[in-house]
Amino acid sequence: MSYLELLKLASPEAIVVITVLGVLTIGLTTGREAAGATVSTAQPTRNASRRSSTRSAALCSFVAVLGLAVAIGAVLMLPRNATLFGGMLVITPLTSLFKIICIALAVFTVLLTTSEKSLRHPGEFLAIVLLATVGLMLLVGSEELLMIFIGLELLGLSLYVMAAFDKSDLRSAEAGLKYFLFGSTSSAFTLFGISLIYGMSGTTGLAAISAKLATTTVQPLLAVGVVMTLVGFAFKIAAAPFHLWAPDAYQGAPVPSAAFIASGSKVASFVVLGKIVLLGFAPVHGSAAWHGMVAGWSPVLAVLAAFSILLGNLVALAQSNVRRLLAYSAVAHGGYTLLGLVAGGRDGFSAALFYTTTYAITLVGAFGVVGFVRRETGGDDLSNFSGLCSRSPLMAGCMAIFMLSLAGIPPLAGFFGKFYLFSAALRAVPNYGLLWLVALALFGSFISLYYYLMVLKFIFVDKWAEAGADHRSLVTDHVLQKSAICLLAAAVLLLGVMPEILAAQILAAIQ
Amino acid sequence: MIAWTIYITFGGALLLLFLPRVFARWLALLTTIAGLALGLAAFIHTPVVDLAHFTTIVRVPWISVLGMEYHLALDGISLTMVMVTGISAVSTVLFSWDLEHRQNEFFFWLLLVVAGCYGVFLSVNLFLFFVFYELVIVPKYFLIAIFGSTNKEYGAMKLTLYSFFGGMFVFIGILVAYVTAGSLDLNQLAQFQFPPQLQWWAFPVMFLGFAVLAGIWPLHTWAPTGHVAAPTAGSMLLAGIVMKLGSYAALRVAMNLFPQGFQLWSKWIAVLAVIGIVYAAAVALRQSDLKFVIGYSSVSHMGFVLLGLATANVLGVSGAVLQMFSHGVIAALLFAVAGRMIYRRTHTRDLDALAGMNLSHALPFAAFTFVIASAASIGIPGFSGFAAEIIILIGAWKTYPVAVWITGAGMVLVAAFTLRALKQSFFGEAGSSVVRMQEGRVALDPDWNEQQSITAAEKIGACLLMFATLAVGVYPKLLLDRIMPAVEAMRFLKSGG
Amino acid sequence: MVGVITAIIFIPLLGALAVFVWPQRNCRVIALIFNAISAACAVGLWRKFDATATGLQFVERHAWMPAINAEYLVGVDGLSLLLVLLTSLIIPFAFLARPVPDGGRGFYATMLVMQFALYGTFTAQNFVLWFLFYEMSLIPAFLLIKIWGGENRDRAATKFFLYTFLGSVAMLLSFLGIYFVNGTFDFAALADLGKYGLLSGKVAWLAFAGIFIGLAVKVPLFPFHTWLPDAYQTAPTGVSMVLTGVLSKMGVYGFVRLLLPLFPNEIKIIGPWLLALAVCSIVFAPLAAWAQRDLKRMVAYLSINHLGYCMLALFALAASPAAAANIDTHAALSGVFMQIFNHGITAAALFYFVGLLEQRRGARGIGDFGGLMQQTPLLCGWMSVAMFSSLGLPGLNGVIGEFLIFKGAFAITAWFTAIAVLGLLVTAIVFVRVMQSLFSGPLAESCGAFPDLLQGEKFVVVPVILLMFAIGIAPQFMFNIFNTTVVHMARLFG
């Protein structure tokens, strides 16, 4: 194993890291004096400085997107299968696919960032986004607990910073702090769980753990280890009752950060969680069937899923802030996705991954619209959305697509995702053992319809109270952002009508 | 060929988003007329023999991961429903002709509903079916919530939530069927023997899910409020087609997939249906809002459909299908008069207030239309309602003689409330406290003179609907020849005794 | 090829359309023209009718709803022909009556639709088709009363509609039951089956009760008559004429055509009770008429009485022991048919005259008039003829039917018939009292300015009165129409 070969296999990550450096440099050289000017100079120069800051931001974004695009290219150049250091770096079709998905999500996050005026140092922000992306890629591309943990930490730390990035906003700081506290606690849990499992099995490679567990009897200590690990991930995917950070983080963080937390981080977490439970903990699967519960991780996940679905949907009903609402709905969607893992097997895993991917796409788009509305009206409460359809029919239409997809209305991606997920869950356990969970999930999505429709009601039915003239002038030149959102909406629609495109890929990628 | 009904309607809807306002209604009209014309063409050209079973129109692989196909087909029942969709759609557009604001958007949602309905009636793949089925509901929400009147947001939300509540059960049923049989093709599913203990619980789950949309008692309460809240076109579509989705699906999917479950539960369905017929009629008798009256009458009429389905014999089920057609047309007509012809001109639907206006003088054509519609709704022979009801009742005689007699009482109640509505709305006694006469004519509105007479579009729409109900009423063979063979091919009849 | 019966049925419907599209002013003329065409067809039918042949003639049969064996089956026998002729006669008569205030084309169109339904009812030979027409007559009747009626029209119209509709639904459901067992809606086939019992046990009684109620409401038979005085009183003159002249015959026709052939056994069992009802109709109705102050209401009650005779004879026939002499049954049945026709003309004429009086006076209470003989001798004279006809003076048409009915019925059920004769007596009293207070005595002030019969009115009155005389003096041409049918039916009932 030469370093060259390692470099070759890790080239996407390497490219992203290089991009990080590039973006940082550009940000430092072009943005800094502009930022300084903003603080010191008076009115006339302010406009000029803003313009130069915008130019710097645009340049940073361009470089970031370019780097990410090259990274995608690099991923495509990777060999089909490769394993390094006992699973520390694994390349399979699945990891490649999800690396691409993660990078794509990052691209969209970057595109959303371009129009975000509240971020004072776009270069630094973008660099952190890219670093988080590296974390995602490492996370996805590893089948070894230690490496996974490192990826988690890299991701986590970047995200904490991203959440707290808007220094002018107290809420952003609160979001960052909360996210950091919960996140690090969960990391501690995970690490503790991993150490226990290592102690039991003497290895950190997932395949090796699985082989070991298959031969030993289940001991309490092992159960503690498994549960600890799961708890850590439950924090990450914001499954109830470990979801408490999510509402504040989603609401307080700058919009692109929130979008990235909700999408990229979630997708990668599910990929890894799936790998851990289905690959590493396969022998202690257990059963979550209604009449035949068997101890193992699947009942634990099933209970988590049930809690998340109920709590997420019910609490979301009462929200008046769209971001908070999306946060609680994210809890619920995390619950749905867990169903796929509870079901297990190729079908279940692929359904869960399909679902979480489409969900991530949808949510990035939704946050894009939220950002749009926030810039336009200065807030993201439900009332800020009223009359959006007359102010910007395009954004209103896109938001309708996102919300309806989340609610699971055909022919959008969310609907097929649910169908795929639930049918896989129902099929996985004989005698309709998981029907209770499926029914619960359906009930949850029935409830969810109400609050998604409320959002749409504000957009389409209610009238905008203030005179809209001055707002219109504010919202003009965000073609990039708008087209990114439209692209996402089109993707959601396309994945609903032709889910085959993605589903077949995922299914084929899972061995 | 007939698959184009779906594409054209969807295409029209999309095009509406990009066209300037002036073209909106013309485009909508063209689209719906094209749909109706395609339906008619299929009606004329498809040999009756081919309608006894599903004749495939389009079949291409779609989502091979789950074995789904894009599979459209036609049989007598679906053809009937396509026809009623076409007729209702055209008249609905005509009755929305002079909408004031947000025209494009309105017709966009409207065409989405219509397209979804075409899709439901034509699809053979259960997943595809469900996609269209759910697709219909959200546009309904916007139609009502944006363009509705009384209590519109509440009504719209209630309707939507009820629909999805039903949809939730349907979803479970579909999943169970799919997981058990491993196929989503209705033809294959209809051959599959589901274990009896599964049918025992899967049937009611699925049937009730569908029946919510058909307004089965006691899950009907969305219907009156929804109808009242909806704009005229919304009520017309809702009563005309959307409620039929439920009953059509109950027949096509729930009953045909789970015949044994159906046999176990059919008695209870009949009970609910009969309660629905009588109860809704009794409630309608006490309503003061004209649209509420009609809304409850819809529930009552849909009770007939459910009763027909519950009979589980060829006559009863064929009658139910015919009743779906008939009620689609009649309810559309009733709502058109109440919502468009009356409300738009008087700005009230309160029967007492209307009674003071003696509208038959001011709006003779509307009065005429409403008389025809009422007669058809009461079940006067010669109109489609009678033909359908008599066939349903004969079918019911075979299975539930007692139900027939209770239903008879319900029919009298229907007559009573329809008559009351007719009297109060058009032939009220002038001189009550509400009336404001000016030079011998009722002064209803400041700009009454401008919008006083019934417009040509309204007349054409009303005539189309009246023609449909009369044509089928006088010569039901037209549809029955196509419906009955298709019903005879259904599985639950064979396994039934 | 369109048969003559189909032509007769649909010409009024075309007329209705024509009236609708025609300018408002001439609609009465248009309506009358269409009446004349259909009447001419009816007369043509009569000319071609083979009086000696049993069974249906001019049959037209087309598939209609094969699913439930409903056919488009029309044809006439003597009874149907009689009623078609009656309809052709009464409707124009009604059109010529006192015009409805602000009637306009709506009125005439509605009347023509009703005529369409009536023709259909009397010629349809398949239950579903028959019921179609039978029910279709309801809506025009309702509208005619509701829109163009007098005071209290709302209540009267609703009552009328709901009563009849209730009856219709009961009848419909019963027929569905019969169909379910026997699989046919054909009247002739059902009548054949009826001999052996269509249904058995409780269901038979249920079905019988349903059909009985449906028809009894329509006739109406005591105690189902309460809608009638209100409706007749409120309806405009022309409508009252049609209601009593033709519409009530639908009920009688239904009894003859449906109930009696279909349920011979049931009727035999409860025959006495039915007879009692008929007798009640005959005796109580004139008593009620006696108490009325409103002329129209009075004539309405008398109408119940006259139809009661028909019912009496029919029930007597149906309940008769098999041994009853042919001559009696034939007499009774002929009497019923005669009475159907006679009452149609006479009652319509009475309403017509009441309408004339009302037109002149603006009111129609008995007390509103007095001493008319001095002022309007012609009007009084012709009106007296109609009244005498109604109470059964020999030489006029009324007596023929009543005599035959009493003759036949007395031989079969002496006691009931004997009581029923009381009805005749009371009727006579009522009429004499009316004549007395209207025609004789001092001229009432309010009647001082009455014109006598106008030229146009004479043209209407004279032919009708002449027809009464004609039937009264030489009834044979009427008997010729239905003799064969009577023989055939009598065999059926026996």
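The chains carry the letters A, B and C, assigned in the order they are written, with residues numbered from 1 in each.
Keep in mind that, in the parts below, contacts are C-beta pairs under 8 Å (C-beta built on N, C-alpha and C of every residue); 3 or more make two chains touch, one makes a residue touch a chain.
All values derive from a computational prediction rather than experimental measurement.
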{"item": "Touch-based graph of the chains, sorted into line, ring, star, complete or other", "value": "line"}
{"item": "Central chain (by mean CA position)", "value": "B"}
{"item": "Farthest chain (mean CA position) relative to chain A", "value": "C"}
{"item": "Whole-Å separation of chain centres (CA-atom averages), chain A against chain B", "value": "43"}
{"item": "Distance between chain centroids, defined by C-alpha means - chain B, chain C (Å)", "value": "41"}
{"item": "Approximate Å spacing (C-alpha centroids) for the pair chain A, chain C", "value": "84"}
{"item": "Chain B partner contacts - residues on chain C that touch it in the complex", "value": "63-68, 106, 128, 131-136, 138-139, 142-143, 146-147, 154, 157-158, 161-162, 165-166, 169-170, 172-173, 176-177, 179-180, 203, 206"}
{"item": "Residues of chain B defined as touching chain C within the complex", "value": "315, 318, 360, 364, 371, 375, 378, 380-382, 386-387, 390-391, 393-394, 397-398, 401, 404-405, 408, 411-412, 415-416, 419-420, 423, 427, 429, 475-477, 480-481, 484"}
{"item": "Contacting residues of chain A [partner chain B, same complex]", "value": "389, 397, 404, 409-411, 415-416, 419-420, 422-423, 426-427, 432, 435, 438-439, 442-443, 445-446, 449-450, 453, 456-457, 460-461, 498-500, 503-504, 507"}
{"item": "In the complex, chain B residues that touch chain A", "value": "17, 62-66, 105, 127, 130-132, 134-135, 137-138, 141-142, 145-146, 153, 157, 160-161, 164-165, 167-168, 171-172, 175-176, 178-179"}
